[in-house]
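Each chain carries a letter (A, B, C and D) given by its place in the written order, and its residues are counted from 1.
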């Protein structure tokens, strides 16, 4: 079972991201579950949503406490939302920022966390290609770029299905760009102490920007 | 076709495929996604020959449903929490009038303090309103239950609530398989109202009953309600045969080891600790108990499908010889304990059972597997008190910040 | 579908109109009952006409005219006459007067009378012959009425009239401008057509002889002899009796009265005399009357008409002396009892002729030497119920008997005398006239009657009136007669307005169909009294429920 | 019973019947075979104007719809006195649900009928002033605002008579009720309170709003017929004297209504889409005393100290007369 936690702010499409992620996971052949942690929050307030992938039918309804993957749609949440909390050893943290992984670790107070930190300027990409600060597709594209739970193709499919027409296409492009960004920046932005251990970017396995410290 | 759907969408689509004539609702979290979806379908024509009525209150929502049902339409509404209480008078009325309205209750806590998150205190407040109360363990069942609810309600002339945990289910996205239009058309008989307002055969509906007839009226309602258990069981069984999956029923049994739902699972035995629960916590319990069984712990799970009528016999049958019961309860009867526990206790009267009430998940507090596991372990170790509040924080409610206190003064 | 056997709980629905099983009539402490009360118009009609009934028929228009006329002549054989000369006390009593204006009953009666003449409607056929013969002495309204009603009862009737023409005061006392002679003649002829024989110029001289010839005798000799007052008068004074003048005018021998005429008196004859004087050329006609307007016996409308024609009235005045063309008048005043007394103040008035209209007396020469027929206060004393005089088989009615000296009273008494004669001839006891409950104004709910003004007969211009003896008032046309009749409020008698039926909160009144009125369903009537309160015409009583 | 001669009379349209009228001009109530939708055997008090008005309204609506009428009734006197199980005094299909929800139940019925393609069947909702002006106002307002195809009729007897004559927001100033007793310095209902449901309805700009009384059957029937010829939300407010609550004689229910109109206290109006379109003029002007004095609930106005209250009533009548031009320009 893979568990994902998504942090963001109201209006950024956090809940949509969780649902799209679940849908993409379903297309990848998983049993899936998306659980938004809804509040009475309005636009701008911190929001959390969860997603699970599993090969067996999902039963539990508890929130994700020990995520394998954390998506942070807003770097200002790095401190208050404690995105590294409960992160499974070697878990992935994908952050929407133009900054780099060390900056993320610093601002999250997670310099020594056993995690792989990946950054992607998701909102910027979304603004460029979609014209709106909706980073979900970019975040999922980045996710597809650094883990094999979902594919870029599935991400594109679910956004096209949800937003038929131009918006869906734009989101697909956003996802592709983010995907490429993650892949392309793999070595240039890598701040991993074990830089030299990084696997080559060839083959089906996608190599994240930051590799596990394990 | 298995698909990924939000629970509310699943319910809305299934309700639409039941072909209601009138859908009327007033928005309240966490019911909104359901009625929003229905309003869209009414506009797009996906929901045809149906009036979607936006009203000014839940009270009117139920009242419109009453009028619609009496006038010969399959009527549907949805609400939660304060909304259910605001319509309370009409909820009782619909039942007394024998109008088979189906209502989704997206279970939510009742204030004060105001709280939009899940527990069962709203539906529990309506437990004696004369409605069937069917609880969904997951979104698949939530959707399927609506089909069963319409069928049973209409056969009985008793309205039905389908209770699904607010947010936990309504807003969760799951993989599920919706009953198709063709399947529902084949399964659900067309609505033929027992007492429609008919200009050809006019009748007076909703008369006043004096002391000379009120008791008898209630007695007949009671008898009918007793019949409801058999009707729910029968429709659930028909559903299982037609759709190849279990939904509804009075009590859900689970395989002792896989914890998969299995109507043929054996009853609990004398050495078993039986955990009784209803709603989405059943899923979390499935996830929690399976590893414990694997450890060899004697634990069984029994789910309550129909809270009203309360399935005393089916529950006793499922509990078998087990005399040690933990009820995971999502509503609190102040000064007493869990509400469901009270019903279980009454069902098990004179059986010599030890019953623990574990009050959990009030006002949206997540129910964690670890906490459940802990409670079960304590029960097995005879360390669980008769009433336990799961994950109760020491020190009570946090103090407000100083500044706020100053302003308040 | 399943094995459940408890019936559905239908929220206690029930069939429609099942409340019929619950009889709310038991709640009642008072019950409404429909009544038929006597309307004030009929109660006030000396002729005894069922005015409400014949107005009712008139309301139906053309189809109802003959029926209406027949309802009149059931009491009064002279509708065209009375429609002109009656002072219509019915109208004074009419409850509609409290709503807007009283119903113009008299005008409608005239319309019906004229219509009957124009269409030649005959009076009812007489009943089977009784073989009895009755003599009626005098052919005034009382005599004609008595004769007509006797004839209807199958008796052979002979009317003997001293004058040359029948009609009595109708012919000789009432000016033609009020009662055209052809109208009078037509209605008398119609009575004769029923078999009544009228012998004119046939003065009855002996009661004994009359009784020998007839089984019964009715004395309706009238009061055609003028009263006289002693007024000191010079030789040149021209003082005449008003009644004589009227009679002369009626006979076609109009006297010369001069340019200035004084009429002494305050009754209707005085008014007729003054108006006749104007027609005969008097430029100044002054009525001299001892008392006040309020005390004047003449009918107010007669006074108004006279004043309208230029007649002056000198109130609280007596003529103390007539000397040549100079009349000396004493001013009067009223004492504590309202009686006039002299003030000692005098004034003078010029008059070429003084007409005395200070009352008339019955000519009772027939009774000279008849001791068993008592004359009291100048009139023949009769039993008030049977109108029989002291002598068996001799009855009296009209102005020669006690009571109001009006044509309408005379007609009523004539009819009563006829009934009494009929009973006497058959040796039956004449039942007393029933005491009827009056439909008083306070019983009515006048709100429901539409506002509608009385249809006044177009009056001829006053100037035109005084130039001759054309009829002063023209009649209503059919449309206006119907309209006027419809102003009748049907006091005390249901006219099926549906108010009770429509306004019963308990749906406890059954409508039985046109002409059938209604029936109260006492199984359900709670006795709220709305039907009685909202009945426009007061035809419902609430009476205590005695169980 | 023998046939008697029945004459025509000039009662115009003031009486229930009147044989001078063409058949088309006759009131529904004058017909021997009228529907009598609220029939005998109901348990209303003697002289109950609500029972009367309800029959008038519904009979007219039944005729106007050719019997295609369904009725939703609020809790209240009307419901209680007509449907004590196992008896019902109603003939049309009729439903009672709750006190506050008649308008919403009616909406439900109308929606259902529309969904069934039965727009030929019309819906009438009715309730007392409490169920309309007070507890049911939200539902009534909602029905108005949505312009649902419902005629809502309020039978206004100016208080909670069913529960023993307590004050409602339709109770007029000075009126004695069980909760505004005629004691103290300001006896009866307080001045300056209460609402005008007609104005509230007009503010919704629904197609048709009218007021009527039991003093004028033709007017009431006309208004019901007019309303039934219109689609959408319609409102009819009928003043119904209550002998019990008003302390009047049971026989006075009609005459009090008449006095209310003729004194100017109760304006009888018609409005379309929020605009006043017709006003019934005063025919025979009455003093407010004609209306007030027969009612025991106003008895204190005629005792020492009551002059101010009486004066306020006169002022109210004058204000209405001015505002609605009830005299039609006459002095």
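Here, a residue touches a chain if its C-beta (ideal position, glycine included) is under 8 Å from a C-beta of that chain, and two chains touch if they have at least 3 such contacts.
This structure is a prediction, so every number in the text was calculated from the model and none was measured.
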item: Both-way neighbours, i.e. chains that touch chain C and touch chain B; value: D
item: Label of the chain whose CA centroid is most distant from the centroid of chain D; value: A
item: Comparison of A-B and C-D (more C-beta pairs in contact); value: C-D
item: Centroid spacing, where centroids are CA-atom means, of chain C and chain D in whole angstrom; value: 48
item: Between chain B and chain A, distance of the C-alpha-averaged centres to the nearest whole Å; value: 35
item: Chain A and chain C, separation of their C-alpha mean positions in angstrom; value: 114
item: Distance from chain D to chain B - Cα centre to Cα centre, in angstrom; value: 44
item: Junction residues of chain B, two or more chains touched; value: 97, 202-207, 209, 213
item: Where chain A touches two or more other chains, by residue; value: none
item: Residue numbers of chain C (touch at least two other chains); value: 12, 14-16, 18
item: Residue numbers on chain D that touch chain B, as the complex places them; value: 67-70, 72-73, 79-80, 83-88, 90-98, 100-101, 103-117, 121, 138-139, 141-142, 145-146
item: Footprint of chain D on chain B - complex, ascending; value: 21-22, 24, 49-51, 53-57, 59-73, 75, 89-90, 93, 97, 197-199, 202-210, 213
item: Chain B residues touching chain A - in the complex, by the definition given at the top; value: 3-4, 6, 29-30, 116-117, 138, 165, 167-169, 171-175, 259, 280-281, 283-284, 286-288, 366-369
item: Complex contact set, residues of chain C against chain B; value: 1-16, 18
item: Residue ranges of chain B in contact with chain C within the complex; value: 96-99, 155-158, 194-195, 202-207, 209, 213, 217, 220-221, 223-224, 226-228, 230-231, 234
